[in-house]
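These are the structures in question, set out in turn.
The same chain A turns up in both complexes below, where it pairs with chain B and then with chain C.
Our next item is the complex of A and B:
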């Protein structure tokens, strides 16, 4: 379906809002437990679906309108208390939410809508509706009494046909006449948009009506008149016309109830989106971040001038510079915060995932989320979703046992997965903990040996065994399922997390469960770095990688076979990497060994030799491949306070580089020997 | 502070145009000196000229990549044309050099790349009939980068194709060396 380009912007807003609405609806649906409806959640659900229906109608997405309409009707009954939400209808509603999402995507990408699926779901919901309010039958007369009390007053019917109303063979006048038959009616008609006579289209319906019906008619009777057209062909709102003074529109009522429940229940506030926001394209924010970075550099340049004593005679200037420094710091922090989003948006998809997977595998799993408000950089957030999906799938599939075997070992048949996010010293930590069987050491080892990853009789520590989990081409599931078990899971997870500058660790206790702990930087744009001098050049070592820095001691350096050097550090022999050689830094004379920086990278610790430690500072990472290309051993560059550039070392890359460099040198020296 | 000359429409005049009143169909070229020879690049490919910039070396890249510079917060690589053209390197390369920053189309995005020059020379308008195809120039000049020769009065200017200075095949070629 082609979208009218004039409405492009409107569509995009609608799509975004509808997607958010669907996510909120999904969350609410999952939180609703059948039988005991939380009115706050039902209201939220109803409102989300209602606005999608409204939008669908406005833009002429008929399928969207059709399905959301029947969903809304069902929810309306739940909301009014005339129906309980059974688990069957809950499932159906979940499927419908999926279907709505598909329809939205189809419209967005201008491809065909899966009409059949939409129709099937609509019919299923209709059949539920037709079957009557099942368990809530006793409640029905009750509501009727309420209605008959009000029916003295009548109904206010907002009847708003869509433009194609008449094209579908409907006659607005006939419907209005039918309403008039129910009782005395006042009719107010209005034109949605005033059109010139020249552009007047006799076949489109540009009118809408507000009918005020007085008399004994019930809501059902009124609704019956419009039953053919409601949703698909028109927007219909029926509000009871109580005392003139006390009349409340549905919308007002919703607001009132929302306020009332809002005050009482604080627990469900996390379901609701933040109060007010504007949508801004990311590149605008990025250029803002860039500019502020520049400002910080300019500011520190000015601060250096100030130190040169020249400006001390002018106190106003000095005060001004002090003020400037404070303001720039604050501005930088604020701007960086713009890119930060709560992790809750990423977590929101997991209840559904666990719900569906659990159902599919016949496992009962309770997913507990906490720390949804922990904020992370948008880029990190976007890239952490998939690794988390992998881990959680693994927990559901491999971690949590089937209910029967859980009961057999005396555990609660309902498994638990805890998903937590929290801040820890400049990092965000995400933990996924399940209370399943834990990693089976023997099985894992046997599998690894079978695949030739380890020696069959190798003596490995528990930690080493768990590291096998992240090895490419390993799957411990006895049967390869479509959920997990293709063996491409955990190694990709690890790589993706490392690409974000994070780290993943795993701990497991047989019979008790498994814990995955992901540590992520708050932002990709800024890191804490240790400035080091190598020759005449300045490099940055990310502080996260540094284990310890110490004065190099000659007697701790041992040369192995004339080539590789090791450094003795706390009883361990670490590979010694002379950064100046690996990065071929030009040096005037062979300087004495300065400092040794013990770093962690590429899954081990190595000792780097640098000339001097300069200072620790926050640096803004600038990528090299914007205008150039990635360079081995470097993760980017940064601009120092004086405007010069310092290169940021990438530990994994540097260590790999060191090894290949040593290897090539070894080959060279062998060649030289051979040729002599 | 490094000297920066912007190349808006007005500042071109500030650099000085020898051939004022660009005739119809004429192309404007910014020229610079490199080893006594004048080279030209299409002025529309020029982003800016930096006088006396310091270049930060990057380790383990082809030798004709002189390093990177900070262009108002953006990292821009700098190519040493002397090395790329196989000329003799200056005995003691100066710390501060003049750099012409070019906009280069690479795939579907635009990148910035700087070239180290001995001196920025002039801006000329050259009509199409004064532009000749590049002849075989022997080994001294890699004519892959040259798009033609422009004749201005008595002088001969070698025209360079900015897009080939950092294009995939050129750098790939370099990596293979």
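Our next item is the complex of A and C:
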């Protein structure tokens, strides 16, 4: 089929939709257990492939059409219950989904389609269709039977509508007019069936017609006019005028024995995917985000003017400012939500990953997903996929044991990986939990000692041992497999997550399994920050890191071993970090170490000493990396209402900086007063 | 020319229908499944309805039956869009109350001819 240039614009839509359809099909295939077909899943699967076939045919993608057609035929038989989906067919369908995806990409990038692969899969599915129960219905896609057209001198058409003819939305006069358009026609009406006026029913058809069409119109053309009504809604006889004896009845449809009992499909997961949406290029949204950022700055500038008490005499202006603040906040939240996407799109690739890896390693694994609708910033979402893939690979490869060893310890031979996402206090948390063997402490320690990461006889807490997992270049697999041993370690995972402003923690119980917990910020562009004064400078502490702020009580500060200072906070001793010393902020006359801000970072709490708390405000993060260079302890900068620049503290970095600063002074690490 | 209600779960197909029909001067109203189609149908009075069969939530056959139960839709032509070429499906569609069918992938001139056939 030659491609209409108008439809080129449709390509983009089709590619996106087809890709979504394939993902849905893949998900359905993976969730189908062979032999016990869930009709909802089969329907979803069928519909997905069906749509792709439709689109493929429309755009003239013959290979797409060919493969999806045989897939659809197979699925149709499963749907009708005349065939069970065996695991072989299931695999074949999965491979076919992959192949369809490749074909789509090939068309999108205008490169050659792997015809051989497509043909091989089509033939394999056809052989299943030919062999199995409910052999394939003979239906070839996109072919039209073209009858030889020989010139005729005319047709005599006996047209007798059934009484229900009009109830199907048909109109006999329209059909007659269409016949008239083919050539000069004589019309003879018959009212033989018409009842008396008293019993006349306007909704039933009681007439019949004999039409005599002269001209060169072919039998096909005449039949085409009646093609929708012939057989079901009317009796039709088309006879060549020249040869009346050779009358032929053109009945196309045999009455189906099957009764139409199509169950209404219940709302399925695909409904969410079909929710109304528009696709907007990211750069447009980003410029909107930037503008909103500027607006936030302007707003805080005006708010500052207000604080200066100049405007007390002008209440209208004050009200206006209040309004502006509310609107700015609302606008900002709305704009930010545009960038938010459900994490389900990222999760969608994992069932296949786990299925394939499990098969490769001979492990049976059930992957359970939850919280797919949890929304995350697009950038965070895009960058969290790879770390998650790595963690899940690790779970499958190192976490879950082989079925035999699981049975030996009385576990279900089928391993489980739980992948869930949820909101928690301004963050999104993603958890990957497996019910495998857990981290082998001895093996890990031995390996770490061998690599010189720890002292062979070091007394480490479980927590510290698990932290070794994130050490660069460590792989605990006895044999480096091509699954998780790709030279990329958990250290890269940790780094990537931290680059997103997130954190990863791990917990493990021998024999019970391992839990990876990733905490991510909702957005990267604007944060709520606490302004603090240190010396003569203003810094921003992200509000999410702050546990509590309090007046510094100097008798709560204890000096341990002469150097390390701790702050007593609710019976616990927190490492005290004097930000001015760590960042070498020049002390001025205003310095007074007045406030302690308890913050969370690097998986623990520390007490920061600052001079003064200034106020809470939204800050637009301007990257230091792009505008200057990466600085340890700082995550970026922002412009304050008065036009000055404030640096934003990065808690993880700051604590590490503080530790190395302290180490350089040869002091001891954190300790707990409670244990003393 | 005429108001036409199209119901299809595929955005590609909806867009294709819209392009073809709008180019021919028709006014197109869209719905993405049977449930939405039924809702939309209550709020407008199209001259023709074109619906897909395989759709989530409510399939085209159920939709046709429900439409035919509405007095205003008793005589409105309903055209089914189908990729299935065997007569059985068409028969089922007709029993449900469909006027006719168009085989997907459709040829734009053929679609317009079909519209013309029911609009006269």
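What we mean here is this: the second predicted complex is superposed on the first by the 380 of 676 C-alpha atoms of A that agree within 3 Å, B and C clash if a C-alpha of one lies under 4 Å from a C-alpha of the other, contacts with A are read in each partner's own complex, and residues count from 1 in each chain.
Definition applied: a residue touches a chain if its C-beta (ideal position, glycine included) is under 8 Å from a C-beta of that chain, and two chains touch if they have at least 3 such contacts.
Predicted, not measured: the structure shown is a model, and the values here were computed from it.
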Which of chain B and chain C A:51 touches, first, second, both or neither: second
Of chain B and chain C, the chain that contacts the larger number of chain A residues: C
Touched partner set for A:639, first chain B, second chain C, both or neither: first
Touched partner set for A:173, first chain B, second chain C, both or neither: second
Which of chain B and chain C A:10 touches, first, second, both or neither: second
Which superposed partner A:120 touches (first chain B, second chain C, both, neither): neither
Which of chain B and chain C A:225 touches, first, second, both or neither: second
Partner chain in contact with A:630 - chain B first, chain C second, else both or neither: neither
Contacting residues of chain A [partner chain C, same complex]: 1, 4, 6-7, 10, 13-14, 17-18, 43-44, 46-47, 50-51, 53-55, 57-58, 72, 137, 139-142, 166-171, 173-175, 177-178, 203, 225, 227-229, 232-233, 252-256, 258, 260, 262, 264-268, 270-271, 274, 276
Interface residues, chain C side, partner chain A - complex: 9-13, 15-16, 19, 23, 32-34, 54-59, 61-62, 68, 74-78, 83-88, 90-92, 94-101, 104-106, 108, 116-120
Contacting residues of chain B [partner chain A, same complex]: 54, 56-61, 65, 68-70, 72-77, 111-113, 166, 171
Complex contact set, residues of chain A against chain B: 290-291, 293-294, 297, 537, 582-586, 622-624, 626-629, 631-634, 636-637, 639, 643-647, 657
